[in-house]
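Next come two complexes built around chain A: one with chain B, the other with chain C.
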Partner chain A sequence: MKRKFIALLAAGIVAASPALADLVVPNLSYRTGAYGANGTQYADGFNDYFTLLNERDGGIGGEKIQVPECETAYNTEKGVECYEATKDSGALVYNPLSTGITYQLIPKVSVDKKVLYTPGYGRTSAKNGTVFEWIFNAPANYWDGASVAIKYLLDENGGDLNGKKIALVYHNSAYGKEPIRTLQVLAEKHGFTLTQLPVDAPGQEQKSQWLQIRRDRPDYVIMWGWGVMNQAAIQEAANIRFPMENFIGIWWSGSEVDVKPVGAQANGYKALTFHGVGTDYPVYDDLQEYVIEPGKASQGGEHVGSVLYSRGMYAALVISEAIRKAQELAGTPEIDPEQLRDGFEQLDITPERLTELGLPDFGPEIKMTCDNHGGSGMSRMQQWDAKAGKWNLITEFTEPDQDVLKPLITEDSEAYAKEAGVTPRDC
Partner chain B sequence: MLYREAGDFKTSYRDDGQTFPIRLDRVAYYAVLIVAFLIVPFVINDYWANAVVVPFLIYAIAALGLNILTGYAGQVSLGTGGFMAVGAYAVYKLMTTFPEINIIIHILLAGGITAIVGVLFGLPSLRIKGFYLAVATLAAQFFLVWLFNKVPWFYNYSASGQITAPTRTVFGLAVTGPSTSAAAKYLICLLFVFILAWVARNLTRGTLGRKWMAIRDMDIAAEIIGVNPLSAKLSAFAVSSFFVGVSGALLFSVYLGAAEVGEAFGINKSFLVLFMIIIGGLGSIFGSFAGAAFMVLMPVVLKNLLVGQFGWATDLAAHFELMIVGALIVFFLIAEPHGLARLWALTKEKLRLWPFPH
Partner chain C sequence: MDQLVFAAEVFMNGLMTGVMYALVALGFVLIFKASGVFNYAQGVLALFAALTLVGIQQGQVPFAHLINSIFGTHLEYFGWTVPVVLAILLAGAVMVLLAFLVEKLVLQHLVGQEPIILFMATIGLAYFLEGLGDVMWGADIKNLDVGLPQGISESIESVSANWFGYGFFIDRLDIWAAIIAALLVTALVAFAQYTKQGRAMRAVADDHQAALSVGISLRFIWVMVWSIAGFVALVAGIMWGTKSGVQFSLSLIALKALPVLMLGGFTSIPGAIAGGLIIGVGEKMFEFFIGPMIGGATENWFAYVLALLFLVFRPQGLFGERIIERV
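Up next, the complex of A and B:
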């Protein structure tokens, strides 16, 4: 009895590892906890795209892709455990969908030589590939997002934000604090005043922040929220009758689960995005045929086409394209993380290629190099139509203000290099 | 038959008062030490170190610390997470400001700083007791987390508010930072656990420990027999916070490598450590270890069993894991309200009689 128990315990601690030789792309997902509603949809999109490749094309370059899933609950300690549990199984690339976990993994992947792909989140200055050899954050990062949002506001105001008041409502964590530095510089450049309103995790309680907004009457509110914080904020904004069209969320604050609970009052709320949304793309025909109808969709496929599902799918698409490129460069379908890094660094997803993949005009062109791991940083604005229950794209892809961002990225990545003792590579 | 006192003669008071009076216990203790110090470092890999052993050792220190305060001195504290944060931020500031000084000294200093903070927040314990004190320490928890979030000096003005541990070495071996080997992480934690557990054991059976227990059992009676409540309570807060501070420093620098105060040291951490000592056994050194092992190992074991062996969906497994761990806690507390330590003691009682119980 006791021996059996110990054997069971030992079996329980040693994680089951997938068979080697396949391409392994672990999915560090979270379907539980305060951020589960958002994490589930992303994880489904991520899984389904790889299932599609496996079912339709027999994998990438003839190699099947395995996507072992590991639940992190958006918790950094569990994220680290998931990373350690999967890294020896031949894992190529990680996409933890959490800025906190990303910060934990950046030094680890650099030593273990694994690729870390953090589209639209993570450490912004990882864009500098000379310092962050293993980290990629194309197509856009937080500072790009902040800059594009301000650019949009500049357009709305005829190019002048002088004397305007902008409030930043942010998740009081590494994630939410990321844009502050950029927004401060932009405030100086364009002459608006920036008010910072931190919201402690998980963010259900925001009465005092919105009371302050009601008192200060800022012209615009920008939000860096995630999980339950988003819907709470939009609800509070509706309660104080803040004009929704002056309320802009980052891409993580712009999905259906954020606006739907608020109902009709959320109409007009805006959010950034770096990819298309909805099922009006040819790829969904294949997805329907190969994944959804045979019942292979992740968790039943109930979120197909939602904003976060699309984003998860987009991340999987970029990873699969990088794997394809790496296979091409290495001349073998069985690649290792080092070859995948080269694949990422020479990745070029043109609009034509996106059309070929069945997602025309879905995302911006992604072109990465050895020193640019962040792509162009372009994103666009979408607006919620509560009556129709869908997001409408209202701008084209916009370039961020690289004159402002570039020195900031250089400064921050150099500070990291000094702190971590990294010698920047020559590119 | 095997586990017995018979034939184990004690000829001095010293022998009589030793921690492990039974020979088999002593042998087992030394065997565990030998295995832990001389064998495990050679076989441990990254997964075992990072997912299982290192968190267990670090939480064992935190549980020891809280057990001194709550289990031995009877002062309920919900501020453990906040005090761990003090340890973590202290070691971060020290290791970045004085990079040339050995990290072990920094970790000890971080414990000392936490002890001072702990004494400050322990002052209300002189006037309030029980639930009221729990609320006062809860205030410490929220205040400290807020402080480390609010004042950029604590995180060296980094853009994201995260603190990241740079690489520091002991005898030329990296013990913090990303290039640390599993064995180095394990050994540094084991060293602290060994020394601190030894200190805790000897403190709790000496004068100081007896004063704490007197205060716990009945503070008025303790005062009448000459125990100064001021010094007893504050020393309990100081020693406990020292332990908790060291564990926070290790958690950040050795285990996590990067931390964010709200997430790594939130109220959940306070409850986690409190659960550890309640399940392990209040007022027991062994209980601190058993509780830490239970709370660290159980989720990992369940997760790997349900997802790895049975192939369940990860979210279903995660929900079940919460339910099972919760149910087990309730079950253990109903079966044995004094925790795993008491269960262990009962097993030993029975073993002494085995196989011929009366």
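Up next, the complex of A and C:
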């Protein structure tokens, strides 16, 4: 009896494990807890793109992709547990959608030799590939976002922000504090005044911050929020009649779930994005045919086309292109994380390639190298149309101010290298 | 002069925020008063109540995801909407049913156990209810509209502009919250003082054994108290849900109620209100005067510091019952 049980258990483990030759891309997602509404949409997009590749193309280079999901609840400890639980399953790359989890995983992946892909989040200075060999954060990072927001405001004000007042409302966490240094340098350069208004997580109660904004009357408010903090801030802005067109969120404060609860009053609110909006791209026809209609969509496909779904899908696309590149370089479809790192470092998703993939003009060109793990940093502005219930793109992709950002990235990454005892690579 | 006027505006907003905190704290007090149990699940009760209200109001099919994945169907909505008042009544009925189930499946089996065991049970209940809410109504953020107005009160703004030369900001939703909280507290106090069931509840709160000896049913009282706490949670859920949508972070508002309870006492309904007001005003005034000097975001921790300061002088809280143990 005991032997039978052990045999059954072994058979169960073998059945549950990915086939040895499969490409394993764990999805460290969060569908529960305070940030579950955001995490669910992103995780669905991430899963569905890999399902599309499996169903339509038979995987990548003939290898099927396994996407085992592990629930982190946006909790750093659970995120690390998920990483530890999946790293020996042949995992190639991680995308935990959490800056807190990313900070914990950075030293771990460097030891375990796993790729960490953190598009639009995580540690900004990971862009420096000479120090952060295993981390990639293209197409854009937080400092890119801060710089593009200021560039947009410069354009709006005839190139002059001298004497203007800008308030930063931010999530009082590692994530929310990321843009402060950049904005301080940009304030010095362009002569605007920066007021910092931290909001403690989760951010349901923001009366003090918005009363201060009402008293100080800043010309613009920039927000670095996540989850309920976004809805509460947009509602408070509406309550004090702050002009929505002067309120700009980072890309994590610019999804449908952030504006819809506020209703018509959210009309005109702006947010950065590093990808296109809506479903008017050929890839969605393929998703419909191969994933949604056959009933293989994650969670039934109810979030298809939302901002966060598209972002999850885009992250999966970049990973799959890096895998493709790695297979090409290695001359074999069965790659390991080191080969995937090489694939990322030679990745070049040109506009033509994006069109071939069914997403014309969806994102900026992503070209990474050994020392540049962050790409061009280009992003664009979108604006909420409450009546139509959709985001509209209102600018082209804009390059950040690299003159300001490059020295900051060098300074921060070198400080990390010193602290962590990392010897920068020669690239 | 400007600072004084601004401080007055912050003070008033602190009072209003305090009322919102007190609404959550009331549910804790009711259950603690009647059973000596600190109900860890009170925040989740508010979330569950609000989710249920929106679900009923919008005609959402409960457990739709589960049904769809088992049977391959595509259910989501029934195709009807329910009027606000009826939806609130139905959500209230669900909370009564939940109270009955909690008593039947959890509390009944723990009669005579130490309070810490009952407290642990409520921790389990909190996680269970959060999961149940997710499976039943989905994880998406839901808009809650029960017709409560939101946004600046223009009459207060214009009156204060005439008097002080600066228009005060007071959210109309907060004014409604204050009115509803006042009505709720009046009704609760009247119920406890003047009805047979209310007196029975107080008797149980005073002494379980003595209440049992005169024929009061402990089970009935528990179901009743949990039902009332469920209704209070529904009111808190409506107020907070209207503010920023019904979503799972709503359960975290319980964290805001803890310092209120420490300050006001775990057994006093007026204490919950007074505690809420003191915490609301205290944290807002501290943030206004001291916050800018130390980098801001002081409210979460300062509320606890304030509560701890009170505890040094009155361990039972402002209105709590003094614990005298004779040797």
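Note that the second predicted complex is superposed on the first by the 408 of 427 C-alpha atoms of A that agree within 3 Å, B and C clash if a C-alpha of one lies under 4 Å from a C-alpha of the other, contacts with A are read in each partner's own complex, and residues count from 1 in each chain.
As a convention for this text, a residue touches a chain if its C-beta (ideal position, glycine included) is under 8 Å from a C-beta of that chain, and two chains touch if they have at least 3 such contacts.
These numbers come from a predicted model, not from an experiment.
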Combined model on chain A where chain B meets chain C, clash or fit: clash
Touched partner set for A:214, first chain B, second chain C, both or neither: second
Which superposed partner A:238 touches (first chain B, second chain C, both, neither): second
Chain B versus chain C as contact partner of A:421, first or second or both or neither: first
First (chain B), second (chain C), both or neither touched by A:40: both
First (chain B), second (chain C), both or neither touched by A:198: both
Contacts of A:111 with chain B and chain C, given as first, second, both or neither: first
Which superposed partner A:264 touches (first chain B, second chain C, both, neither): neither
A:388 touches, of chain B and chain C: first, second, both or neither? neither
Dominant contact partner of chain A by residue count, chain C or chain B: B
Selected from 57-65, 201-209, 327-335 or 345-353: the stretch of chain B that, after superposition, runs into chain C: 327-335
Touching both chain C and chain B, counted on chain A across the two superposed complexes: 31-32, 36, 40, 172, 198, 200, 299
Chain B-facing residues of chain A, complex: 8-9, 11-16, 29, 31-32, 36, 40, 69-71, 73, 75-77, 80-81, 84-85, 87-88, 99-100, 103-104, 106-108, 110-111, 123-124, 172-175, 177-178, 180-181, 198, 200-201, 299, 412, 419-421
Chain B residues touching chain A - in the complex, by the definition given at the top: 46-48, 50-52, 55, 149, 159-162, 164, 166-167, 177-179, 256-260, 262-264, 266, 297, 300-305, 307-309, 313-315, 317-319, 322
Touch list for chain A against partner chain C, complex: 31-37, 40, 172, 196-200, 202, 204-205, 207-209, 211, 214-215, 227-228, 231-232, 235, 238-241, 257, 260-261, 263, 265, 295, 299-300, 302
List of chain C residues in touch with chain A within their complex: 6, 9-10, 13, 17, 20, 65, 68-69, 72, 74, 76, 130-131, 134, 139-143, 150-152, 169, 171, 240, 243-245, 247-253, 256, 284, 287-288, 291, 295-297, 299-300
